[in-house]
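The two complexes that follow have subunit A in common; it is paired with subunit B in the first and with subunit C in the second.
On to the complex of A and B.
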């Protein structure tokens, strides 16, 4: 249903427009094609290329073709559907976090964000005056009852079958209703031209990574949906030096620590460590679970800018 | 004479200075000194301590007792030597925690549990305390073609692994006292289901209970990998098998149900109905009014 309607978008118009312009190009390129065919007869020049597995090979220059990038429609389609049979969950162990901020760096690299834009942010928390402060990484909670998708007027933000909440920047009109609806402040708005927008302007838009970022649209944590497709852990999870993150499939009842690579039962981990979710009373049913900051692996100095807390 | 005196004085001064430096060495508080390792010297603790030792300590200290430490000045201590092991658990613990000079602090990089595991491993090398280790020295005959056979008891959900090797006289014998790892493939890693003390018995057999509540795929299948935990023993030996004793799970597609958060076609019927009726109602009223106005103007024409 959604696919049908999205076909009628401005992209479709652009496509038909492109065909007309392209037709003119094809006519002029006939002569070029003829020349290439003639050249194909005699191998003229060999070039040395490095394959993905590190082997040096020689290839006839005439045989070289540009790499086929996955077409936008295909990326959008699979991005909307998600990975069948999976149900992704994240567990964040607060007793291990000591504000190394490596997760934030990795995330900003992956999603082409500036240093002040956060899909995941490490916050300094103190629940009340006499309680101990602690650090809390906060990504999108990928709720099972997401308030954000309810308010989107253009079907741009949606939930997939594997539980991930995504946003389609091609559809987003920048109304920011979802930012207002999200109780976790997980979403950001691209007010200005995104970082490196010049550099990536020819990149095919990938809905599973929100890259390239688009000015005037909303962006948020995606659990690195493009990496999950390749059976890799999300960027933040695998970049943590302190073993804070566990990530896995709830259907398999197993989560894997991104630092140590140790796999444990999800249900046992939550049960034995009194895991909880944020703002449970709102009924949003988050997919990000927290383990309380008990038996810390470090001493909290209570000061974000203190050297001790920054590495 | 004066010269000799000077030299002597210098030597004495230097010696006394270096002596004080050494004595200052580690300032271990008495309360810490008395600490005992809260973890027992079980095989599992020792082997996990060995793993930690190899990743965090070995790069400088070398293998215990081998003397292959990094040539630093002062040289790192051989942690397998009796000179080192005469210390109490608490002293070693304190030194790992605080560090000094080239020895980094592990207060934050290693959890307390990991530190104790390392101490358990070092203690297992201690000639004076060796009897504390709850292990029996097992000598397996020299064998080739070591392999693991897996048998599945579906009724009780038990896995039976048999580790055997070929003796020189062509006889196949079980290998005793070797730690095996039973790993179940999950999306991002291998789940260890071996449990505590996963060592083969005198027949080379090891029986492991498969978790009764572990989900598999739709048919209850799961990919199992059994391997020798410590590759030092017989090299990397493993055996893969698909077992059908996991709990069959049919993953629910959350998009198959209508929900408030569902976009467009997945919205609840009452919302779609209310919306459509609302639109029809409002436009209906507008058209009705326009129609009446049209009728009105027609009536005026007639009355003329």
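On to the complex of A and C.
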């Protein structure tokens, strides 16, 4: 994986500060510039800030600077193009999932979602009456033949060169055809004002994280495309305590486990563990691969749901 | 109401036809009250739409799983009813079925009103109606929504032309006769009659134009409802993923449209006192037509439900069981029985094809047609391929909220208002065409 310049990450860091300052409503009475001018003063006044990945931190108010954000057009342009030379894939090892749901929490934090809104959802599955139940995390499958992008009337949801299916909530008209078209129920809709919309209203829209979320538009898993640009693993992958997720690049034939950090051959992992994709008969060609729940590391401890819910 | 009036063809004169048709447009007091009432309903329900705009689609019963609800079902219904224009004035007109002459204009009025409001209902369903122009700025022609926008607008334009062009001779009469009309309305008559004086040449040109439109509207009419069905059939969902959705929807549309037409015919017959023009014969013929289209629709229903019901594939299994025996059974069977099967059994009897009984049957057929669309749209959304889990209880069911219902009432009130206004300013029965059919000579002076 390549190194980014430290300048860039600092800029992003400052960006996340500046944005959250006004939003947190702590520095409501005077401008950021005013705060910056007072830099020489003693550092006793601290403010609480929320970082981009949802951590609450304290910062000396004197050190606040106005933000340097990239213009919307630049973010949109690179967001639509994707990362050249990459072909992202995810592998989910069902034998390791114990329904810890750290992935869901991290995802909701990252993408500013409520607790009932899922870009990734851990489902309790039972394939048929006499088969063993298991937990199945279900993100967007980032299909190579996506039924959702086909039906979009305005090119608001689209597939980019690195395989990720994104959604542009600056363009989405809220017709919800993509939700109807997705056989994996991977898409959600902002039926009301999104969570903390007041707090984030001045944030420049980042198409690669789909934040801030907007009322009346569709949202879904993005493989944390903003983190991929910084050579980080998706939020769900790196937050899993149980080694369920592998994420990587099919072109390099390498995927990295988000818990252990071990990188393995993608093709070998799939071959040795009989990896498969969901509902392959639909011809959607998912980029999310599953390893069957064999030799389970954890006992299934969910409630069996009634039969009608399980196909 | 005078159902026993015999058609008195022999006593009709051009003067009488003119009088009978133009009188209710000028003197009908109830009509104005009705318009005021509809505007009041629209105003009240418009407030519901304001609430939806302000607070988002969260004010509806829709959530992430049932993401299409009442609005989309209602949209399909409106498109279906509007197809009656194509069925009556075009298909039957091209086949030279001559009894349709007095009812074809009512059919066109229904078509125009319902297709115009159908387009609006889609906008009511949008999460971001403020971005409507994106459809034109960023439109992707690969999306069935673009096809729908295209055919709905085309159908509206052709239907409007099919309403106005055959009416030109009548409008020339209105221009002369409607002396009490407001100056604005006089202007409308004057412009839309295009100086028509019924010279043989004008007559020939007009008929040629109307005929061309009648041919043109057939593919457009088929397309409008076929494309609407593809909004569903283009997905991979249980219950929608089927190949016969196009013709199945078109057949259903003929049923709904014919029922709507009968109700409108009855209304005008009684309220406009047009018993001499909308005669028992017309209701009898419409009853027979409804039997025919209902039988075709029943045939499609058998195919649509029996074939997957026989195989019971895993996805269809849950869906069909819910429809046949589960929580949707009452609505499903009621719409099939009251909307198709029982009406056919009744309407093969001559006495049920009399105006009043046929109108009552049509009310059931039309209501069932509406519920049938509801049964087509919502249960499928509740039966996705993967289980619905980790969401609040209201995501797992769907019931429309009062706001949603008010917005649906708004759409109906608007369609009725358009119909009423059209019937207030234009003759609902074609004066000149009837005279021609009766062999009465007439003159139109400029």
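One rule holds in what follows: the second predicted complex is superposed on the first by the 237 of 311 C-alpha atoms of A that agree within 3 Å, B and C clash if a C-alpha of one lies under 4 Å from a C-alpha of the other, contacts with A are read in each partner's own complex, and residues count from 1 in each chain.
Basically, a contact is a pair of C-beta atoms (placed from the backbone, for glycine too) under 8 Å apart; a residue touches a chain by one contact, two chains touch by 3 or more.
Owing to the predicted nature of the structure, the values given are computational and were not obtained by experimental measurement.
Colleague: Subunit B versus subunit C on the shared subunit A, clash or fit?
Modeller: fit
Colleague: Identify the partner contact of A:124: answer first if only subunit B is touched, second if only subunit C is, both if each is, neither if none is.
Modeller: In the superposition, A:124 contacts subunit C only.
Colleague: Going by the contact rule set out at the top, does A:229 touch subunit B (first), subunit C (second), both, or neither?
Modeller: neither
Colleague: Is A:116 contacted by the first partner subunit B, the second partner subunit C, both or neither?
Modeller: So A:116 only meets subunit C here.
Colleague: So, does A:215 touch the first partner subunit B, the second partner subunit C, both, or neither?
Modeller: Second partner only, subunit C.
Colleague: Quick check on the superposed pair: does A:188 touch subunit B, subunit C, both, or neither? Answer first, second, both or neither.
Modeller: The answer is second: A:188 touches subunit C but not subunit B.
Colleague: On subunit A, which partner's contacts cover more residues, subunit B's or subunit C's?
Modeller: C
Colleague: Applying the touch criterion given at the start, work out whether A:280 contacts subunit B, subunit C, both or neither, answering first, second, both or neither.
Modeller: neither
Colleague: In the overlay, answer first, second, both or neither for which of subunit B and subunit C A:150 touches.
Modeller: Both partners, subunit B and subunit C.
Colleague: When the two structures are overlaid on chain A, which partner does A:171 contact: first (subunit B), second (subunit C), both, or neither?
Modeller: second
Colleague: First (subunit B), second (subunit C), both or neither: which does A:86 touch?
Modeller: After superposition on chain A, A:86 lies in contact with subunit B alone.
Colleague: Rounded to the nearest Å, state the minimum C-alpha distance from subunit B to subunit C in the superposed three-chain model.
Modeller: Closest C-alpha pair between subunit B and subunit C: 5 Å.
Colleague: Across the two complexes, what residues of subunit A are contacted by subunit B and by subunit C?
Modeller: 147, 150, 152, 155
Colleague: Would you tell me which residues of subunit A are touching subunit B in their complex?
Modeller: 1-2, 5, 84-87, 98, 144-147, 149-150, 152, 155, 158-161, 163, 231, 233, 247-249, 251-256, 261-265, 297-299
Colleague: Residues of subunit A touching subunit C in their complex?
Modeller: Going by the criterion above, the answer is residues 104, 116-118, 121-125, 138, 147, 150-156, 171-177, 179-181, 183-185, 187-193, 215-218, 279, 282, 284, 305, 308-311.
Colleague: What part of subunit B is in contact with subunit A in the complex they form?
Modeller: Residues 107-108, 111, 186-192, 211, 213-215, 249, 251, 253-255, 259-265.
Colleague: Inside the complex, what are the residues of subunit C that reach subunit A?
Modeller: 55-58, 60, 62-65, 67-68, 125-129, 131-132, 134-135, 137-140, 142-146, 149, 231-232, 234-237, 314-315, 318, 381, 384-392, 395
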